[in-house]
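So that you can tell them apart, the chains are marked A, B, C, D, E and F in the order they are listed, and the count of residues begins at 1 in each.
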Amino acid sequence: MKMKLKMKSRTYWGGAAFLACLAVSGPALAEDVVSLGDTVINLAYALDTFYFLMSGALVMWMAAGFAMLEAGLVRSKNTVEILLKNIALYSVASIMYLVVGYNIMYGDGNGVIPGIGFFLGADHTAADVLASNGETYYSSMSDFFFQVVFVATAMSIVSGAVAERMKLWAFLAFAVVMTGFIYPVQGYWKWGGGFLDGLGFLDFAGSGVVHLCGASAALAGVLLLGARKGKYVSGRIHAIPGCNLPLATLGTFILWLGWFGFNGGSELKISNIEEANAVSMVFVNTNAAAAGGLVAALLFARAWFGKADLTMALNGALAGLVAITAEPLTPTPLVATIVGAIGGLIVVTAIVFIDKAKIDDPVGALSVHGVVGIWGLIAVAFTNPEGSLVAQLTGIGVIFAWVFSTSFIVWFVLKAIMGIRVSEEEELEGCDISECGLDAYPEFTKD
Amino acid sequence: MKMKLKMKSRTYWGGAAFLACLAVSGPALAEDVVSLGDTVINLAYALDTFYFLMSGALVMWMAAGFAMLEAGLVRSKNTVEILLKNIALYSVASIMYLVVGYNIMYGDGNGVIPGIGFFLGADHTAADVLASNGETYYSSMSDFFFQVVFVATAMSIVSGAVAERMKLWAFLAFAVVMTGFIYPVQGYWKWGGGFLDGLGFLDFAGSGVVHLCGASAALAGVLLLGARKGKYVSGRIHAIPGCNLPLATLGTFILWLGWFGFNGGSELKISNIEEANAVSMVFVNTNAAAAGGLVAALLFARAWFGKADLTMALNGALAGLVAITAEPLTPTPLVATIVGAIGGLIVVTAIVFIDKAKIDDPVGALSVHGVVGIWGLIAVAFTNPEGSLVAQLTGIGVIFAWVFSTSFIVWFVLKAIMGIRVSEEEELEGCDISECGLDAYPEFTKD
Amino acid sequence: MKMKLKMKSRTYWGGAAFLACLAVSGPALAEDVVSLGDTVINLAYALDTFYFLMSGALVMWMAAGFAMLEAGLVRSKNTVEILLKNIALYSVASIMYLVVGYNIMYGDGNGVIPGIGFFLGADHTAADVLASNGETYYSSMSDFFFQVVFVATAMSIVSGAVAERMKLWAFLAFAVVMTGFIYPVQGYWKWGGGFLDGLGFLDFAGSGVVHLCGASAALAGVLLLGARKGKYVSGRIHAIPGCNLPLATLGTFILWLGWFGFNGGSELKISNIEEANAVSMVFVNTNAAAAGGLVAALLFARAWFGKADLTMALNGALAGLVAITAEPLTPTPLVATIVGAIGGLIVVTAIVFIDKAKIDDPVGALSVHGVVGIWGLIAVAFTNPEGSLVAQLTGIGVIFAWVFSTSFIVWFVLKAIMGIRVSEEEELEGCDISECGLDAYPEFTKD
Amino acid sequence: MKKIEAIIKPFKLESVKEALTDIGITGMTVSEVKGYGRQKGHKEVYRGAEYNVEFNPKTKIELVVAGEIADKVVEAIRNAANSGKIGDGKIFILPVEDVMRIRTGERGKEAI
Amino acid sequence: MKKIEAIIKPFKLESVKEALTDIGITGMTVSEVKGYGRQKGHKEVYRGAEYNVEFNPKTKIELVVAGEIADKVVEAIRNAANSGKIGDGKIFILPVEDVMRIRTGERGKEAI
Amino acid sequence: MKKIEAIIKPFKLESVKEALTDIGITGMTVSEVKGYGRQKGHKEVYRGAEYNVEFNPKTKIELVVAGEIADKVVEAIRNAANSGKIGDGKIFILPVEDVMRIRTGERGKEAI
């Protein structure tokens, strides 16, 4: 990677070179101005691309966040399997979205039926970019990278909700369909310029397209899967404490950090004053909403249960993040804090009621990403002048209907073919031994 | 977030568009040069803003570092509470600094008495920026984001020192005052352009404004709080080993990484050759100082105690980072390494003597951020030609006096109102159960 | 760090200032164009430098990844020591490379015998940069920073292979020679423009210069060190499970993230369209290869052992990353996925056979970085038109021969002088107590 | 007085505890142990190397009771812990000479 | 010879150990156990669902001593472990038929 | 029937288990304990403060056997666990009145 060897010969604007032609008149000068202008376009393209890549890297990091969060909230006997599911689903998503997902989501469909295609085309040539008059302003490969990590996020949401009882291979089989087809289709409807986008449905970074989507798929799975053995016995709810709360906290911090890329990158451009201000506003609001969510959830849980429940506080922060994701740009930081705080209150309530409804969600994914995702989408109608409640509700309905129904079918088929739940025996001794043949913490005594 | 939909209509410099007017003469050309120049200013503004946001994200990540470091160095029975304190204080800081802190720190005061204001104003308009002739060169929102994470850092320092015995809610109440008032006031005195700045007191990234500040507040709390039960019995010092050293090490690595944003971002500009070189130098020196601190502390601990104490090595790395923070730009990398190494030697000594003085600091925060923070500020007098020992000592005195005294009062009042220490019973069974109602590691047997 | 105080007085291009001279004619205009051109060069320099620093920070983060991965795969009684080795080796590398390594690697040698020098020179002046006509386009300090983290990576590879039995101080002594001399010399041969580079040996980001290098040094150490007590007893292989798989998984995620800086930064330039596209392609391919490696290793392990071995899956992802590192730019994402997948198949096989050969490598470093590093270098001959199998094989041979032989000598001398292996007693009770005097998890019962 | 030690499968603890409280037992001490017996352990594979985990996790219940109710207690434990599968465990009855309640210093049956 | 098993509160271990060494006891074996008894456990709330932790952490001390000093030992333990609060624990005395020191093969009292 | 409790060094467990199976023992229960005895613990330093870890990790093996083979078992354990170093541990022999196999309800020797 030695610098001197890699320097391209192509010559860009060089002040030195230019001093020579100071004397020369109009035309020559004009040419220099053109070459200079082209250099500036090159620079802007490079900056926007770099901003994309950094944002994408931060979102990729969220995969680690989900893995740690979930590994911390399950029991030790199911830890290896949840870790494996998380890192494997990220890999599956990376491959499936490359093979076909991206083309479905950003191909040319008719608004409802998406187009289809495979793999990635060549990147923009310099000539095209210069000729595009600003229309083409960053690498399509960087766009793919930024998009692919989003799919993984949606799928990560599922793994938490079905934890501690779903078969590894059934889960990965679902991941193939989810990341290659289910997610891209609804993604096309909104971000691909499909009919939802036409309807004026607003979803800045994916409270709906990513979070509600993931939660809807998870719900379908959970309903077909049933609760963990021992969770609801003779009508009573049994708490099943997570085995490693430092991991869960680390996971939340990772997600919080990654979210700056998730929302910040979704502005899609930073190379001028307005855009730079916009991205900055998104960063500030994203942070404010998370803080608001955590504080609200913490106080609420304390008031309700008499204890400062760390796991609720963590879910509160995530709720704040999910809530602001649909519109992190237009609200003021104060409003963003409030939007997040409401998300925090909602998530605590949702977790308790979903539990009472005997829907077993070990990590609270349905509440955080589903219920609060809906809140975030509705909030747009109030925080963004261009937002309309009708459009938002339509979007919510469409995304849920599509993802839930298709997921339900896929889960159902998987259940019929290979089964989606481990045997009672295996569940008792833990999925780690039966599915992975390993203990997560072999040296530490367990209950 | 679909690109095509978000593209602003505003047209910027486009080579293609320009080719058309090649023929045209002077004035037209001149206009193009102007529009081109504006585009360049836009770009520089975007780059500096992006640099700010990335630096801020790295500093935000330090909050996770403190959480992991502290969770690793306390006993398992107090782990949930320290995790909660850390993530909650970050949230409180984010809100309080947004509400009022930022305005106190960067409002217009008379040099001693700061101004006051609430929430954030609008960002710079493109017109203002273009008219500012380079004075205004990055988003004020990105500035806020970069500043807010610093407050959290200062507050994180406190949580470690008072760990394992302070009440959660008293701690958070203190955080409100600290992040909304105490920190911003002294921040104003230096970075807000107050009298300390006028005196020529130098503190590049906050060895004083952030680290000494946090340590001074911590000291006041520790003195009023007393040592953990069983730490000093009948004159003998009892070691209370941290329960999870991999977490402590992870935390140190996180802090090390985040520090590149902490110091690197404090150059505040990167968009030209001199600034880019400066930021690079800061990165190199920050890394060198940390390395020097770790090696020095490791060798010193080995020589002194006969064992290669990992926790001392970790504190050594942090000491190196704190030491260089006051001036990471002017010293050569070799000098930076030495400044860090001296920090490493100091921290080991300080930890032992503070312990002998029966001041109980579970994680060594007073030594790392306080004692070494002072060393870092003094070092400036020797590593920066513009530095003066008198000014540095004045700054140290002022910051300590202000933060210690105000903090002492706040802690004192809290002690009177609600009490700051958990009951002996609760301390024995651990704060996790009594305050949070959870175990951090419920499945793993404890001593 | 108050902005207003740090603003340089130097005036750059300002549209406002410019409006004044709209009237003026040719020459004045020309001057403005020059000053504008210089500003653009400044900007490009700043962007490339920033890109370097961010990439370097990501690579630095890999040090944490190795620490967590290794801490997760050893037994709890050797955890403190492996953590200490990892963070200490990073520090030693930072210092040694600063003192002399960098100068050996990028000094002026004769192609075989490198030059020598100490510490770092001054950075480029603005004048030089402007005069360089694009040749000099980023800060030399940022270059150093990016380079130094690579050395640490190579050394981190060693620590894993010799874990659980090597003396701490012997290891660190080796680190001094490795990072100050052995690595830089072969680095010079390739990236410093030495004879390997002349031969057309291609190694984009270091499958050979970094990974094979680290593995070769590790192999020499392992051979002299022997297997852990109890690993191979009476011809039977005894599994020694890692004690904390969540840590190992976290480490893998960290490495995956850091690798974007490792490969992405090795393009060395991003400030124009072609380069921005190139960096983007590198990101996409790096991610694709890791995903391919994980999936392939997971399926292969499942088929072979009947269990979905998480540790093999993690090694598979790392294998994919190592495999693509030699050429992440020219292959299409699909090809990159395949290159990674083959790496995943190779690593599983290699781990099993190296184990059968009674070469004890607790974390699989020899297989991941050595065997797969070689595969990555060979693959270049097929994925890069400019690649030649002969040149690649030569490079592999030279790097291995040099690093293995010199390392062997150093290990041998260390063994003679101070011994490289802990006593049987110490190994039984664990290195943590004997070498560091600490337990990693003092409160949790161990087998 | 007798000391009864029962080695049971961990997931049976809850029902055994209930069975015992049902017959009026107010105290017991529980610990985690590893058992070796007819029930064979399971195979694990770690990085290609197979190995047997020969010890199965078990829970040990210790309680001291008045001699006359010992059999009743043994029966209660057996009924609650029995799943008919190999590995259900064992119950041992040992003689106890005396008992003291630390708090009160009481001795003998009163102390139980 | 007698075997004395004491179930005490964990934080009392230090003082009990000292009390025993004071009366010349040179060996004992300690383990972590969970206790069920009059002392009720505590409530925890996890994500809104309350649950009782009915078992309290206890420490079990086992030591074998010569019959004649058994009472002395029991008293020593009691005095050191007694806090007068419910949950202080129990002491059981069991008969031991023989003892062997592995290192030397000694038997009987010499082996203790 | 007798109950044999052996306190041994953890790393001896494997060989003791083998020695026992060699003489036909089919069941045993193992737990982790901490031992205090002649073998002194080790010093640790934590952040400059020295402290003694007075308890050494030990493994406790409990097995109930028919009275007549008790001595054979004790010998087997001793030979396998003996390293001649201080801290090798102890073997205690206690009387057992009855045994029940939970699965079958068998009593006495058949249940072992």
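Note that a contact is a pair of C-beta atoms (placed from the backbone, for glycine too) under 8 Å apart; a residue touches a chain by one contact, two chains touch by 3 or more.
Remember, it's a predicted structure, so these values are computed and weren't measured experimentally.
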| item | value |
| --- | --- |
| Number of hops, subunit C to subunit E, where each hop joins two touching chains | 2 |
| Chain-contact steps, minimal, separating subunit E from subunit B | 1 |
| Whole-Å separation of chain centres (CA-atom averages), subunit A against subunit F | 54 |
| Centre distance in Å when subunit E and subunit F are each reduced to the mean of their C-alpha atoms | 18 |
| Residues of subunit E whose C-beta touches two or more other chains | 31-32, 44-46, 94-95 |
| Set of subunit C residues in contact with two or more other chains | 26, 29, 33, 36, 40, 43, 47, 50, 54, 241, 244, 250, 305-307, 309, 311, 437-439, 441, 444-447 |
| Touch relationships between chains, expressed as pairs | A-B, A-C, A-D, A-E, B-C, B-E, B-F, C-D, C-F, D-E, D-F, E-F |
| Residues on subunit C engaged by subunit D in the complex (per definition of touch) | 237-241, 301, 304-307, 309, 311-312, 348, 351-352, 355, 364 |
| Contact footprint of subunit E on subunit B as seen in their complex | 428, 433, 437-439, 445-447 |
| Of all residues in subunit A, those that touch subunit C in their complex | 1-8, 10-19, 22, 25-26, 29, 32-33, 36, 39-43, 45-47, 49-50, 52-54, 56-57, 60-61, 63-64, 67-68, 71-72, 79-80, 83-84, 86-88, 90-92, 94-95, 98-99, 119-120, 123-126, 129, 138-142, 144-145, 148, 168-169, 244, 247, 250, 435-445 |
| Residues on subunit D engaged by subunit F in the complex (per definition of touch) | 2, 6-8, 31-38, 54-55, 58, 60, 74, 77-78, 81-95 |
| Residue ranges of subunit D in contact with subunit A within the complex | 10-11, 32, 42-46, 57 |
